[in-house]
């Protein structure tokens, strides 16, 4: 099968998944009607008004009609407004989303990079030195990392890098470990932040790292990198154990295969037996768990953003949930789910690229 | 007759939880030049362990060659094995795999494997890496051992460029040259695969030669370097002092790193490959054609899962032949295949022996295959060689009770009236093998001496040796 | 078999079984870490059972320490090892960390057990159906499983807690919804391999009914990976629970004895200033308690997998 | 010949190949295609062919372990109904109905006594037949004691009441407690195992012993018919000889009928009375064993026989090495399925499918050129003849 046919096939398989996901979010958002109409608070005084608003929101029809309107609103970008009690009350959810998405994407991508850069070599090392000291250390370390509560590790990092900590001042994270929100231009108020110098400039992409480079401010870029790195590291550390474990076991399995013996019988030096023959095959099967890892990574992102006060979707979700802002909660839930679905798609395509047998089926 | 390989007192053991599996105990045999030596026996008798020990492919842990000698011509292949064994016995069960001595031996052996001794395996489906194309896996082997040859062919092709072009026009190979490209051309001619194939080869040669001329100096330099390395390897295999050996190995280690085999895959995907890749690919093509693969040029690009078992076994054989080895070890090459495909593969092996003069060790449990293929036969039982004889002699005058029992327990398609004779019991557990002769619990002739004394190997007639107390004669060892 | 003539065949067989059990045990102890893990887990379970009874008081809530400064009540943290009544000190809000840990062990273990056991049960039932029967029903089950697998864990839990309210049942329910698909998938995978085994076909050939085949052959042969999965998941459930409590989605007030809740109490006030740095024990100690428990579970689960995976034995 | 034990008519088994974007059925693997088969009481029928020829699937279909796509199966049928059905079937196929036809399905499907359709017949059938598999590792449940492995079919089906009778008329009884234990012990003793073995798990046995246990499980319910699916392929020759002789003794003692599926022609020659050769889901040749080995007619059979390595270095013969691989059963060649590898192939072979015809007494072949081959070729490809000329 050609690769593109495989991708098309995989895309078509997404449709039922997305329908299923919308069904779940629809169920959640419509089970508690009162929450749905909280944004009309203050406008409702009589029962007649209540009925009117219920009609406006199409909540009086049969369930499938409600679902239909829900889907319509979902795909036309009419996602409602951020509730009072949040940071920016009254903003359309879509606008809020445009602001919140880049920070989360930045964090998640850097965390993914750290995971891959650490996890794969360590997994290979662990397998090649099976049952020897490097293996034991790697496995124990990875296992300890995944056993840590994400928020706890985050707090420890914050304590370590707080301005009151005895480390050199330029290493600390600004403002008691909290990234200043103005860096992201999300609030008008706030103390001066590293990037504040360029304040008043527009944010072309919303990505901290890209924007600083856009304005050619290397110092700000390095500073931003420092800020992104720590939460990303926390997310990565609490997630990458799975990839080490999987890489290790799949390396071991591959090293026991007959074709490894064939390679050795050709006189292939041991380092290439590992680099070329075993690792490539192990990478193929390890990609299958990347989707799962990404899902747990996003869960870590929600917690980490809250701890580090990172102005992304995770923090938004936390605040919205805390304030019973159901509209924002459902929006973020839906988007997070879509991200995971998309990540699974990418992983499958990667897998079929790495292992030609998959395309055959 | 000249000896290609001498195996003496080979002893291999596996160290597992339940104890030490004495898989090979004192295995001795010789392989003569240009003959097919059959090794036959049942599961667990140590046939494959013997092959893997010769190739030093015993999975470690848990397995280890404990002692023994293997000589290939003048080369001592077991150099350093005593040193290794010493370390192992001391540190068991926690041997350091990356111990320097072991590592050095590994480097030394990588020069032997695939170059002088090659191996083909039982399961062709599993023997090839599923994520690399067929050509990738053949070229890998050529790259490792035949770099000098590749460069020489390209160089001489560039010298004969006008001739090659005129051959290309006529579509036929005419005059013969006395250098590398001449040999290659006569090889192509001998393949007799038709005009298309000849043109394909010539196209590739012309392409390489042109590119060579463009960057002549660079490739001349490479060739010089490659010859130097070859000389070093040659030296390493011969008798060298400890210190010199270490220095050669360290040079070769660096050299091995430079091959960058993991980049080969990318190079092969390029539209316009460099002449080295192109020549290697041409040789891979010639190899596939020589093992009678139809549409060889397309097959080069295929992945293993796209080919049938018979085809894959041919590819595996092509890989094994890629550096024209002196010895080929075939470990149950047809067991996983259907009878009609088995017939094809056996015919191919027969041609190979005839045309290339390769010495073959054929390992199988099928006495029928042995009868068709082998010149001499080694019968193994429970890690021991129990009988060695020329094929005809063995089938018509078997001596050892095990051989006799084995021959009588095969249903004969040519003689259905023959009654099947049963050897009672099963192959013993090799952790606690029976004392004395290991066959004694199953032997119908066993007497008290068999239970305590390991039988010596006795030569009963010219070239026929047997390890059994029932016979008397000249003790060979 | 001439050497073994003592006792009846059955007693000889039992002796052999004992050997084999010893062997399994050997494989477990070959990894000392797994053994330590098991020991620690057992210790936690004992604490969860006995601990709250010894301490007394409300087994669900932590004791609170406060003082009057003038007319107002102040909840200052107490350092550890200073007052015998609060051996590990207190958090902001004056909650006894020691009580939180001991009583929290019981609360956490009960909550996590409810989630993991129900998830595994659902998984075994649905996975066996999807794997053995296959067909349209099996396909449908797997599609639904796939959809639930793509829901992000904490996110969906937060959504449930928002929409349905912050109740214990909602939290457990949300976590079950997060975890059942994994089990369904694992069980189905196992059943699919076991189903292809010849002994299943032999049983069918002997006239055995589907139900009998599933109960006698399929489930016994595919159940072990579930135990491994459960032991590994247990830790993850604990972590997720702690995270939810840390985020403030408690269903029983700030004094509820739960490991994440202790850290929550500590860190909320920490946002106020440099307090976090000044009172590090308020988050370090409960965090270490979680870490130790989850790590032990993971070590044990890993060892268990090695023992049960015949490929690892040689 | 003696009484008919089993009769299969028009059996086909097509496995769907799922794929494409929607996972719809793209085609079918023609594992067994239009097979008619008669098995007589007390005989051993050998079924031989290369991997992918459908022999294993045929064994499963004959035992009703997988549902066939079409076909009818009769157990000890009365002659009249079989004749009627065969008549109907010939009529249908004579009309060129090679493809699956609804009508055919209807006629074969609704016939009474057809085991594939009748629930009660099926249950009775299951208690009278057994199977032994190739792979001794996976054929025994690793978590069951040998005692329970052997007792399982007894618990489900019971055993015939009168000891040793095997005519299928006796009522079956379920054994319990001590009696059952004693019964199981008797069976294993007969297989050359002892009481100690009963309380062990399968992984504690060697391949040969496991195969004995599998045979014990099959023989425990005193079946009338056993399908042996490559029972010795995974075993060493010395153990193979043990198992073959055990099977022979059991057949004598219990008067059981065997269908022996294998790719090993030497084994077939040693054990069977009659041989069926299959190629890509079709029967290509069928004859008594000696007849087949001495006068193979179908070019495929000839090649197969000539490819058997014979353990005698003096044995020289003309070798017929087939070119190419077995085509994929998902996309079998048109006409005669063997024509892509056949040395006699002419144009007609690729267009018209040859029917099975009786060429010599009891010797059925599906080849357009069977008569001609018989006239010219037999002397060079039969085993015995070559042997004589070689000497």
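For reference, chains read A, B, C and D in written order, and residue numbers begin at 1 within each chain.
Just so it is clear, a contact is a pair of C-beta atoms (placed from the backbone, for glycine too) under 8 Å apart; a residue touches a chain by one contact, two chains touch by 3 or more.
Worth saying up front: this structure is predicted, and the values here are computed from it rather than measured.
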item	value
Comparison of A-B and A-C by number of C-beta pairs in contact, larger one	A-C
Remotest chain, subunit D as reference, centres from CA atoms	A
Inter-centroid spacing, subunit C versus subunit B (mean Cα positions, whole Å)	52
Centre-of-Cα separation between subunit C and subunit A, whole angstrom	24
Distance from the mean Cα position of subunit D to that of subunit A, given in whole angstrom	57
Residues of subunit A touching subunit C in the complex	16-17, 20-21, 24-25, 28-29, 31-32, 35, 139-140, 143-144, 146-152, 155-156, 158-159, 162-165, 176-178, 245, 253, 292, 295-296, 298-299, 302-303, 306-307, 317-318, 320-322, 324-326, 329-330, 332-333, 336-337, 340-341, 344
In the complex with subunit B, residue positions of subunit D that touch it	50-51, 206-209, 236-242, 244-245, 263, 265-267, 269-271, 289-290, 293, 303-315, 319, 321-323, 325-326, 383-384, 387
Subunit A contact footprint on subunit C (complex, rising order)	33, 143-144, 146-156, 158-164, 235, 239-240, 242-243, 246-249, 260, 263, 267, 270-271, 273-274, 276-278, 280, 283-284, 287, 290-291, 294-295, 297-299, 302, 311
Complex contact set, residues of subunit A against subunit B	129, 132, 256-259, 261-272, 275-277, 280-281, 284, 354-357, 360
Subunit C residues within the subunit D interface of the complex	1, 4, 9-10, 12-14, 16, 197-199, 201-208, 212, 216-217, 220-221
